[in-house]
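A short worksheet on the structure shown next.
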Amino acid sequence: MVQTATEQGWKPRNRSQIASRVARDIPEGWVVNLGIGIPTLVADQVPEEREVIFQSENGVIGFGPAPAADAVNPWLINAGKQPVTLRKGGAYIHHADSFAMIRGGHLDLCVLGAFEVAENGDIANWAVSATDTAPAVGGAMDLAVGARRLWVAMEHTTREGRPRLVKRCSYPLTAAAAVSRIYTNLAVIDVTPEGFRVVDMVDGLSFEALQAMTEAPLRQG
Amino acid sequence: MVQTATEQGWKPRNRSQIASRVARDIPEGWVVNLGIGIPTLVADQVPEEREVIFQSENGVIGFGPAPAADAVNPWLINAGKQPVTLRKGGAYIHHADSFAMIRGGHLDLCVLGAFEVAENGDIANWAVSATDTAPAVGGAMDLAVGARRLWVAMEHTTREGRPRLVKRCSYPLTAAAAVSRIYTNLAVIDVTPEGFRVVDMVDGLSFEALQAMTEAPLRQG
Amino acid sequence: MIDKRVRMVADALADVPDGACILLGGFGAVGQADALIDGLIEQGATNLTVVANNAGSGRTGLARLLELGRVRRMICSFPRSPGSSVFEELYRAGRIELEIVPQGTLAERLRAAGAGVPAFYTPTGVGTLLAEGKEVREIDGRPYLLEKALHGDVALIEGWRADRWGNLTYRESARNFNPVMAMAGKLTIAQAQHIVELGELDPEAIVTSGVFVDRIVHVPYATAAAAA
Amino acid sequence: MIDKRVRMVADALADVPDGACILLGGFGAVGQADALIDGLIEQGATNLTVVANNAGSGRTGLARLLELGRVRRMICSFPRSPGSSVFEELYRAGRIELEIVPQGTLAERLRAAGAGVPAFYTPTGVGTLLAEGKEVREIDGRPYLLEKALHGDVALIEGWRADRWGNLTYRESARNFNPVMAMAGKLTIAQAQHIVELGELDPEAIVTSGVFVDRIVHVPYATAAAAA
């Protein structure tokens, strides 16, 4: 996939570039929760002088960058169970208070990874089938319905080239009509009442090529 | 009433004696909420070496005796809005946490005042009629249903001599079937599945005299 | 830089609209945002709904707001206090609506609003006058009332220490309704006795996260005492 | 004198019965009451229901309890973690029941149990597989699921500092589920790294009131580290 793409004169964003593209759109002062995977990388892409408050489900408000390997504090982890630090102004709360904040609509943004996003904003990110063995939902459903905005950061297609931006999710839903924007390795796409609308694409990629890798119809501009 | 009583060879308990009688029955380690009126006096009747944790609706756990007049801290009041102190081991919590504690069944005991208690344990203590002007319920309904035990401390009759221990409450209910014991100026009375049962009476008072001042039938011993 | 500090009470309250539902922290006078209430009196918004534990006393603060006819409806648990004559006169005269809510239900309805819980069941009030018009449901053999979340347009709260992110601590029993009202207000404005540098508040002991707070006004103790 | 300290883990756990519903604090390994879980493994109670965010990893602690066949049913939000193979094998073999609960719903159901709320509505999970069998109700135009309180017979939690009344503070993100589980447990047993004198904990910063705690076992850091 990537090879073909390069031959065609464009280069997909790598994971950290996707995260950086997400970070560009997060203004100072927002309260933001980051899911596991690419979203986790977003925190380190926000310049330190831009104050964004990162919240983690396990009750950390205002976490900062990962500590140096020799300065890891085992009591201080994020929701992905990786070591983090606490910024000045940060605080610890318990799980019910943390999800009260999430479910009560107090987060400006949540960025999640996903298997699929449908053109109506449906998101599937927790189970690959209805008979999944021991599916693990974590806080995804709470975040998807609770945050004021839900963005998704993911690869545009599966490794096999199957589109992840679809007409209807084939995997079990995490939440219905919840996603407002998608950041992929190829483009940034808004979910609008009329379906997917392209905000921007990687340099050199044509709209037609992007549409070919997307199941649902795209609108331009 | 009191005069007649004295002529008849017995002496009713005064408010502080009622409170003292209640205090006698509170064992070390209980978590206790005290209502306004006679119940408030109970705190000072528990000997200091007996550790009882007094909880107040406004988020004070483990309050201690009233401060000296020149040591009043205006930020530290009980639910009756009187100045109190905090014992070692005490803590401050917010209102929702305080009522979570109350309503979640974590108090061993609540002692309330009342207008009436019925033989089935119904309590009326917040409004004198269904058309009461601006009745004030406060935390009474929460306490009555939430505490593991509800005791009532009150005068046995109204000033006019009308019984307060009744077959059925005539005033609007605070809670149904909630009271387990009543401490009056004349007696201590349990509420049992068979109705009122006298635990003890003030010296010199006869069972018949007590029954005469009680609307519902009393059982002895 | 996130900075929620607003210099003047008037600026903090400038956009409170007529008809707003105002949450007032405090239990009696303790933990009540006196300077913000005075600011609201000055500001002029009217036709208000006020949610507070009590209905004011004397002729200042909430009682004054009531006396000026600016409150259409009170939602509280304990309107009758020593000195609550302003409210009682208005109520007897039919010039104010009253919704009596048990104190624990009031706190829980506010917390529910802040926590995204639209409604919950409670045993409090079952079989009483306050159950009138409410759904009763039996769960595991016991009857409960359905109670709904209570949202505010504006919460006026009092903290003790605050930083520029809006993180708050409280002082002793002045905590009371303030944290749940901070969560339940669409716009939460706090007055604080002390403003401290970011990082000075112990992260283990911040009671209200700045996430819940929109504006902070520094009202030092001396000012409040002078106003009282 | 109120003194909830118990010297030995074994004594603290002696009366945990077969068939009990056990609440295990922690998020992954952080804030998990390792010494108490090891004690439970020793103690022998079986046919347990375990409520925890995760389903254990490796071969120790909860994973060991599972491997010994002592758990009939897991209630958790995220059973699949690096190293959670013991659970996954049992589950695939049909030897353990699983109830998946969204993490926020799990926390709220525990809090509800502690707070006397038998059931509440939430938007989380509407329209998903996890809504199956649940009541859906529209409130103010939006659909919600009815979720019930989740009570535990025994809560095993980890605190940082404790006093003899059972008051607790936590350390950083080790707070997580511990405070709500302390409230939701009929019998709440805490291990704590430090036991301090009554009055040493700041009354403004006690996170779990001793009112919710029945027994405290002192498990100093060195011991826990050695066990890990």
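Chains here go by letter, A, B, C and D, matching the order in which they are written, and residues are numbered from 1 within each.
Simple rule for what comes next: a residue touches a chain if its C-beta (ideal position, glycine included) is under 8 Å from a C-beta of that chain, and two chains touch if they have at least 3 such contacts.
Chains and their UniProt names: A, B = 3-oxoacid CoA-transferase subunit B; C, D = 3-oxoacid CoA-transferase subunit A.
All values derive from a computational prediction rather than experimental measurement.
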item	value
A-D or A-C, whichever has more C-beta pairs in contact	A-D
Where subunit B and subunit C are represented by their mean Cα positions, the distance between them in whole Å	29
Interchain centroid distance [CA atoms averaged], subunit B/subunit D, Å	36
Subunit D residues counted as touching two or more neighbouring chains	108, 111, 115-117, 122-123, 170, 172, 203-204, 207
For subunit B, residues that touch 2 or more chains besides their own	86, 92-93, 96, 99-100, 102-103, 146
Pairwise touch network: line, ring, star, complete, or other	other
Which chain pairs touch, all of them	A-C, A-D, B-C, B-D, C-D
Of subunit B, residues touching subunit D in the complex	28-29, 31, 51, 53, 55, 61-62, 86, 88-93, 96, 99-107, 146
Subunit C to subunit A touching residues, read off their complex	1-2, 111, 113-117, 163-165, 167, 183, 198-199, 201, 203-204, 206, 209-212
Residue numbers on subunit C that touch subunit D, as the complex places them	108, 112, 115-123, 139-140, 142, 144, 148, 169-172, 202-205, 207
Residues of subunit D defined as touching subunit A within the complex	27-28, 30-31, 55, 77-81, 87-88, 91-92, 98, 100-108, 110-111, 122-130, 170-180, 207
List of subunit A residues in touch with subunit D within their complex	56-60, 73-77, 81, 86, 92-96, 98-100, 102-103, 127, 130, 133-142, 145-146, 172-176
